[in-house]
């Protein structure tokens, strides 16, 4: 088992003829992801790495039954591409595009809800269910099948931590990079719930960062609803207020969204917070041992 | 039984302190309609004819449990007032206001659907369930309890026909004036379905007019779904194309929406169409007699 | 409310839709000047608020300045569907590779705005709809999102099959949608939208209608109103709280309520007469309104008899009768009048009118028959 | 992106929000001229992109022209939170009956824009939020409808309790929402919104932030950008595809990825060091990017050691190593550098770097400890 993507995923790649789209479509296909279609307006009929290209998501869905989409189009067109996928009946959309205007996301969020579409991102590295499907730009070789669920707001920090997990023999059910933008699709709580309900997942690692209060909400959710152990890490403890640390979401405004508050919330919820990434495997080992007592 | 309004209706009057609102609130109350509140921003705390006035529909609903609203505010503010009622949880809104811009109605329609609000109007005379509740500007004395359902796009023509029905001893379950605007709330089909499902209603009289194809759709619906007899009349057989006959909706555009087409559709569906209003009671008598054979 | 082609083109231009240059001319001298300055092949187009201008000879291609002058002479002052041509548009004659149709319209059924496009441009879309409905692509626009880029592009791809042209066309569709929303339009057509041999896409002719109910918030559109004589009459009636439309018959009608007014016209026709007008006086029994209505009614010299049909609802018939009596005292006319009063306090009203000697009846059909009879004397 | 008060006031004015008159002045002479022309009590306000201008002495009431000149002399050139005041706004001193707060902000939780109002105006809203959260009314705006008239009016009624004032305020809320949407703002505050003894409602001070990701479609907003020296550096870095923020420490960091870069800073702190910057070079191994990053890093004279932390994902570590080697050939610096490479082809990368004699390690914590050690030499 796993969450969101697996062997049944039929992926369409929006923006498949662009530089990033082309590159990562190949990588995903190489990993074994079932890519059924690409979309690039005006290129219907062509194929790319054996993948048929369509003018629109609607055409792609009609011809191939695609149920999941990954988006590589430039930020200015990303919201439109997400709506196109959603309106075409795609159930899960992963938006890799970085730099999408916040109000575009606010505008499309209720429409996605109406259509019943789940969104991951934008500005995210995507997700992977090791051994089944890679839908994103994550480096496949660091992941390993196992029973740890993984959720993170960042990219390379995800790789750093997953690498440590894999080296310490903690394989993963599914690893999800939810992206660093302030207004994004699925968030910690949504994914914690999915992991809680996934029989294969035994524990969850959550990588938060400064800005917003998603971590605080996650902590509350964990305290109230979760039976599985969770271990956390928060990046940005030294970041100064009011500055945007690369991620649009990683900004501390007026005394809220600080690492201290987030760490306190997790501690209150009984979630151990690692001081540095290297500590995570050990914390995980301990929590799992406690759980099995 | 009846449809839409009855003894359980708890009515709030939006625009109760305006000239029309005040006058018709009295008339409705006099008829026995359960008016629980009025809305007029800035006048919260006052009463009018014994009806408590609130600043907002939300306040009115909270204080009185109102479930139905009637709107008398000027056309420019009508769409906003409808949304206010809908957002406050009102289940049925009757918009009397005349001259509401069409795009306002287009804009609010999907929101009403999301909120699960039913709308009648705008630019309509409202509705009445004789003996139970009058929610509109209809002249109460021409109506009579009975088992004929009545739906009409026009105002005084409704009175003309209802008067004939009552004189011929055809009382009514509920009479609904759906209004003459091209984009309106409940339409023929919606109400035909409600009458079909209302055990008290034995037959339906439908008064259509030129413009649009609501009558054609109604004819098709009757042919396919209805067991109860329907008798129709279509106003505007002599109206010239391209001219707006008082009602914004009563305009024949480019060879569609003509009375001939509508009459043909009804005839095809087995619905007799009266040549003049005076014929309606006789047609109704015949259809009811056929039915009871 | 309708506007002229040249006005629609100006709105298009304001919203960034490419439109060929054009000059509005009221005189042949202006046509000559415009053609000379343009210094290329031009088209001279009658500006009247009527369809079928081409068929009526109101649109002419002119290769030279002399041709343009000739066209101007022919078209200015000509009659198209009863309207006199008072001005012409002199515009670049664009080389045309292919013509398309693009339109936006309010759709009652879906309660949304519908985008219609067709590769059968340059002809009346109603013809295409009748004869080749499969050649029209209709796309219903979700009011919650407006016309989205991908939607405009996908529709344009169906039409052009080429992404570069589709993107140009999609941008025009989106601008047309924006102006449609922002002007409270009820119809916005580009017909034809043309593709030139240089792969430019241009709006050659435009038609726009607007929601009369929204003019209160559209001062710029309202300022474009150029009503003809008949419309002026309708507008004047409107300002008095009346809805009036002139028709061809000889029996004037005065009715309260639009539906009843239409049914009254139908009734007259049913009994072999011919209505002279549609006239809805609304819900008031104010004598002044009755006077205004009678004045408008009788200004039509074809009227041989008048049928007044009132159904008293909230309005009481005796009040209406009092209004009528006052009105008739002031107006003084020889045209015979028949009055039908029914509904609230009808008896009292009829009693009051009896004293005036006006023929009164209590049913619509009687009234119609009586009016027809009176009209034939 | 932030803008000055005078710029926010101009945007307000463009959208019809009432704002008292004001003149932007760069010199004391201009202040004198403005005060003389206004010929009434004025306020002289420092225009710097920092909060707490009042507390810092950057806002002064001037009853006479002489007062205004004195205020101008004091404020122009003064330092507020490290920023030099280069201009002041001379504005009408409005009689104030009561002060309110009105703000719009993007709310991550509801994924919508939130309207916040408070009768506690004129102070920093963060203070109110901390001490009297019940005094802030928050209203989450449905993105599908925008801020509706009835909503604005109902919120304003809560604040003013009087329909006439509420309607004036509601109209301001709706204009603020419109400009917020149309400028891709992330924050729009009127603080204070004041009620005058004459029952006028005016926006006295304004603050606006904008979404950097949307500036591509906001040319008018972009044109208002007035970055200070530090921001110029950040913008210059951005244009090179780097995200750079200067901090106060002495260990320069170069990292791929924002989250990892923050974690790197945290790690340095954890081991007793102090990061000199945040620097994310993104996903590329292009040597030029590494060169640019090093140049920016080393332009900070506080830097005593550099920690390069790369986790190879799609980017291969050997490619990054090659980029680094090329970069270091060009840059030539005495500042000690420690390199940590991990992930894809890390071993190959480390092997390449070994030849250059750079200290290399394979874990973040080692790298941080080594960098701290080097910085102390």
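We just call them A, B, C and D in the order they show up, numbering each chain from 1.
Criterion: contacts are C-beta pairs under 8 Å (C-beta built on N, C-alpha and C of every residue); 3 or more make two chains touch, one makes a residue touch a chain.
Bear in mind that the values here come from a model prediction, so they are computed numbers and not experimental data.
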Which of B-D and B-C has more C-beta pairs touching across its chains: B-C
Maximum centroid distance from chain A, chain identifier (CA atoms): C
Inter-chain centre distance, chain C versus chain D - centres from mean C-alpha coordinates, in Å: 54
Chain centre separation (chain A, chain D; CA means) in Å: 27
Chain B, residues touching no fewer than two other chains: 110-111, 114
Residues of chain D whose C-beta touches two or more other chains: 144
Arrangement of touching chains [line / ring / star / complete / other]: ring
Which pairs of chains touch, using the document's own definition: A-C, A-D, B-C, B-D
Residue ranges of chain C touching chain A (in the complex, touch as defined): 144-145, 148-151, 153-154, 157, 162-164, 166
Complex contacts: residues of chain D adjacent to chain A: 106, 108-109, 111-113, 126, 129-130, 142-144, 181, 184, 186, 211-214, 216-217, 243, 245, 247, 255-263, 265-270, 275, 278, 280, 311-314, 342-344, 363-365
Touch list for chain A against partner chain C, complex: 41-43, 55-58, 77, 80-81, 83-84, 110-111, 114
Residue ranges of chain B touching chain C (in the complex, touch as defined): 24, 27, 75-76, 99-107, 109-111, 137-139, 141-142, 152-160, 163, 180, 182-183, 207, 209-210, 212-214, 217, 233, 235-240, 243-250, 254-255, 259, 275-278
